[in-house]
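What follows is subunit A paired twice: with subunit B in the first complex and subunit C in the second.
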Partner chain A sequence: MSANVSGVKHTRGFDVIKPLSVSVLIAIMLPLVLLPLASIFVFGTSNGLTSFWNALVAPEAIFALKLSFATSFWAMIFNVIFGLFAAYVLSRYAFWGRNAIIVMISIPTAIPTAVAGFALLLLWGPYGLLGRYLPPDMQIMFTPYAIILANIFVTFPLAFGVIMPVLETMSRSLEEASATMGASRWQTFWYVTLPSLRGAIVGGALLTFARAVGEFGSTILVSGNLAGRTQTAPLYIFSKFNEGQVEAANAVAVVLALFSFVIFSVLFFARDWLEAD
Partner chain B sequence: MFEINGGAAVHVISLSKHFGGAAVLDNINFEVAQGEIVVLLGASGSGKTTILRIIAGLEIPDTGRILLHGKEVTELPARERGTGVIFQSYALFPKMTVAKNIGYGLRLRGRSRKDIRKKIDELIELVHLEEHRDKYPAQLSGGQQQRVAIARALAYEPEVLLFDEPFGALDAQIRTRLRKEIRELLKKINVPSIFITHDQEEALELADRIAVLNKGMIEQIATPFDVYMHPETEYVATFLGAANIIPGYIDHRCFRCEDISIDLDDEMRFSNGQAASLVVRPEDVFLRKPENLIQKYQPLTDGIVDEVSFVGAFERVSVRLAFIHDKRMIVTRPKTETAAFPLTIGQKVPVGVVRFRVLPDNNREPVQRSSSAAKR
Partner chain C sequence: MKRLCLSITLIFAVLATTDCLPGPMDGSDGSKGVVITVYGFSIMKEPLEKSIFPAFAAKWKAEHGSNVSFITSFAGSETVTNQILQGAPADIAVLAIERDVDRLVQGGAVKNDWRARPGKGIVNTTPFIILVRKGNPKQINDFPDLAREGVQLIHPDPTSSGGAQWSLLAIYGSELKKSEAASGGEDIPKATQLLHEVWHNVISTPGSAREARTSLETGYGDALVTYELEGLMMTQAGEPFQVVVPKATIFSEHPAVMIDRSLTPEKRPVVEAFMNYLWSDEAQQAFVKHHFRSVTNDLFNQANPEFVKIELPFTIELFGGWDKAYPDVIQGVFINQIKTR
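Presenting the complex of A and B:
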């Protein structure tokens, strides 16, 4: 034994488990997630970038992408405002049936999207419970409005789910302090509560938007899947693939995949930035 | 608007509050003069926080009224009262800088940008936060956050400052220093202030007057000196500082317990046979025959030294009293005393007191004696 204790350098044997476990992790992810995504890009660009571009700027493809983004946008606006309102009411007031309302808001995520679309048809369709009373020129189903309705339904609890926990853990004394300093409820909400929710609102909005852009099950039922009129991007991919136009489907798929990649990067990095200071 | 005792800045008049059947506050009355610091001292659950929240308008009393500078505010919502509350956790707005936090109250009042800036500069200088002006609360230490909270409340010239356990979140050393700083500051700006705390040392150091709360009632409200030296109830005596309590009764202008008998001063008024307690602070017990004592000495009984422990600046002795079954008295002795008259365990000592209080004990029945009747 050496007397020189301070100078001893600890050298443990090479830990095999570390590289091994990381390799296993990647090996599992490869066929399940990474390769399918990669193949979209491989196939999409296999005939050269020119043909990829031509497939992408086809009027129907452009329309489908625009429709997807527009309908998702309005669903996002609605659900963020609603989610903020619902989270505020439910976190600030205790009342009978509060938990029941929270469960009801959350239910839409648990319902299969095809069922959601079907349910909307049964309510608003031309022979639906309410739809039958609408005059023919005001029918909602098989129009872009139906797609917005379906998007709202399937993404209903997402923004709420992000905002609610932040509001619930927010110290009540912040709002009380604001009140004792002379602020009205609205001023307190605007100057004190809302700034602390910035991160949650942006996060909830992006989540809602990303989820709505990819919606398929409910959209195909309520939209009628009319090319150039009510065909969203996922429906376009499905239809073109069925028609054997793999390249056309592929081009739009690449855009959607890139889009979700961007959204999640923003979610990942921007939240820290928004939560900061 | 009518006025009561014109001078006082805050009037709290017969405040009562129940939470689900249990009384939290029971007929609370007190006043705070302009520039005065009143500390509400009590254990958790004594109702002190509720009083503060009612004054601020964050809680509604069942009965009672609040007057601020003679103006009835009982029915006004928090935002129209103009109180400055310093919350336990300071409640600084996390997304606003120090300067914005301080300016918030003025911004709500629609002051001009120039005025707000001037006031912020003034207050930042007052609380010595010049180099932290553009920092966010999360970047400040606890003591700095507290100063921001005070400056923020002072900005709109509040009717009264309300401090909710403001030192709770700070460590012991900083606490002592900040107490001094804040007291000096409050005396400088002359704003009436109400503190709540459960820390007796804090109360003694900060207060002009202390209100001792117990189970929703004020047991005593007086200067720190009076509350400590002349406690009016047993609870006050034991809550502020340590006290030895010996239960007994009144017998012809004497306090009696077993073989102990102490003559009462004329000023103490009791009825014959009334249950009472002898209250003695540990530092007022004397364990040797007096030779040249300046103070008035009253011998009590004999005792056996049970335990001697050294506690920093003084020595603490536990003495078993001879004639009272299993009753121990805690005695503290200064260094001069311990050096001159060392004690050993098992030693027999005479026990006497140089200062004491006899307080009526309303929880016990009066002792039935032949010499009856009350003479009040």
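Presenting the complex of A and C:
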């Protein structure tokens, strides 16, 4: 290893490594990410913009998009609040079993989403462990609430994962100063801790939201996939593709692709904006 | 801090302008009247949504003055069955194979008397054909040609699709039928051998018959064994495919059942009326219009000149019904001897 390091030379003048490495980067991304995305746009608009627009404003497509955004929104709200709470507790207090809790929060990342959906069904389904005790008019599965539950499960660790490292590395001196100046624990949290976390909160929220909007594997199991009732945007795309209506599927896919582009642009720029207060 | 509050309020404002959770599209305000939820296997979509639902709703409105509307979900027959077994809120299921109805009966979702309806509970039927690209570049003329080297076959997944199981029975049974016609005895080893060789050429197993067709349309594979109506739909739409009629093939039979388990007393008469409507002349003719074959009146079928003629047709009775066909052929031959090899 050390022999290699001594071989590195500092180049003067035109640095050929820079344009080369940038083009290698793009060349790798092209077939893996960029071209597949481009093909969605090409196929989505191949029959002209009018038919693209008509596919998009079909009532079932609009409903599917609305349902996706709404269910993801509630999952995001819950997971951000929970993530903040969990990160605060786990970074401020040391107790027996702390690491076990951190590991447990992270488990949903590694579980296949279909397994997550199936697990929810086995628990809350009309014949599930707990679901069988629910009266018929209070059943959760196969309603939009089931989609929220599935979204919460699969995005559970995301907001926590963003907030926790920031909270752990945050200097305690400000909080301690605030406490010595007579602030209550709540005041310290609200005026000192929280403001320095806003970048992480917004980042975690957007990540959770984006991931939930694209969720498929668990939703198809718990929602019943009923068009105009429990069919989210990814399920709509899947159903339309199965029915051979590739344009309809692509129109909604284009919206989702543009949406994630916006989300991650916001994520990228909002961070600087929020941190430079 | 202000900015954080601002952005949070902004997000809330955006969401408030849409809905908290969008209500069901079928109008829970009662304007759409009774809502019937139908789960169907993949290819049932067109006849139901385009003809039968609107016609029944109009008929009901004329006779009773109240509204009926439908919501639907379509997937592979086995998938639909599993969803209902897990509690999906279906009122009616139209399935590809009787075996799935038997599973629903065992799961307590459907009553045992489902065969008491006309046509023994079977709502329509269709033969299995081979779909190839226009001009038939691989010269596929019958099932044995699918076993030829270099032929790429798309075949739906028998674990999720009922059509896939019909297809396996069509290929396997065709050899039994032909050997019986030639020598008077069913040549089981030859049929097993053929199915084995054909399966060897399968390049992709999509989840339903319709999904398999979409794969073929997007450019994969040379051939697909599927329902006649899929081929007729595609050629009618002017797509570059053609139908190859095997010498011997199976007629699939599709049961429609009422999911008794979850029916409320208010809903039951409407669902019952709809079930009966499925076997009415009007509905049977609508199925024929959408390339299915009627089970109640063969004159309807004769009126449709596009239907192909099969030299040696057979049904599930060749194997002694589904009670025997599934354990003997799908499980005994396909799963135990072919799929796992």
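As a working rule, the second predicted complex is superposed on the first by the 251 of 277 C-alpha atoms of A that agree within 3 Å, B and C clash if a C-alpha of one lies under 4 Å from a C-alpha of the other, contacts with A are read in each partner's own complex, and residues count from 1 in each chain.
Note that in this section a contact is a pair of C-beta atoms (placed from the backbone, for glycine too) under 8 Å apart; a residue touches a chain by one contact, two chains touch by 3 or more.
What you are looking at is a predicted structure, and each value in this text was computed from that prediction instead of being measured.
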Side-by-side fit of subunit B and subunit C on subunit A, or clash: fit
Winner by number of subunit A residues touched, once subunit B and subunit C are compared: C
Contacts of A:R98 with subunit B and subunit C, given as first, second, both or neither: neither
Touching partner for A:R229 - first (subunit B), second (subunit C), both, neither: second
Partner chain in contact with A:L174 - subunit B first, subunit C second, else both or neither: first
Touching partner for A:P195 - first (subunit B), second (subunit C), both, neither: both
Contacts of A:S184 with subunit B and subunit C, given as first, second, both or neither: first
Superposed arrangement (fit on chain A Cα atoms) - minimum subunit B/subunit C Cα distance in Å: 8
Subunit C-contacting residues of subunit A that also contact subunit B: 191, 195, 198, 277
List of subunit B residues in touch with subunit A within their complex: 56-58, 77-85, 87-89, 91, 93-96, 104-105, 108-109, 136, 152-153, 156
Interface residues, subunit A side, partner subunit C - complex: 59-60, 63, 66-67, 69-71, 73-74, 121, 125-127, 131, 136, 139, 141-142, 144-145, 191, 194-195, 198, 201-202, 221, 224-229, 239, 241-244, 246, 270, 273-274, 277
Subunit B contact footprint on subunit A (complex, rising order): 171, 173-174, 176-184, 187, 191-192, 195-196, 198, 277
Subunit A partner contacts - residues on subunit C that touch it in the complex: 1, 3-4, 7, 11, 15, 18-22, 24-26, 37, 42, 45, 71-75, 83, 86-89, 207-208, 210-211, 213-214, 217-218, 262
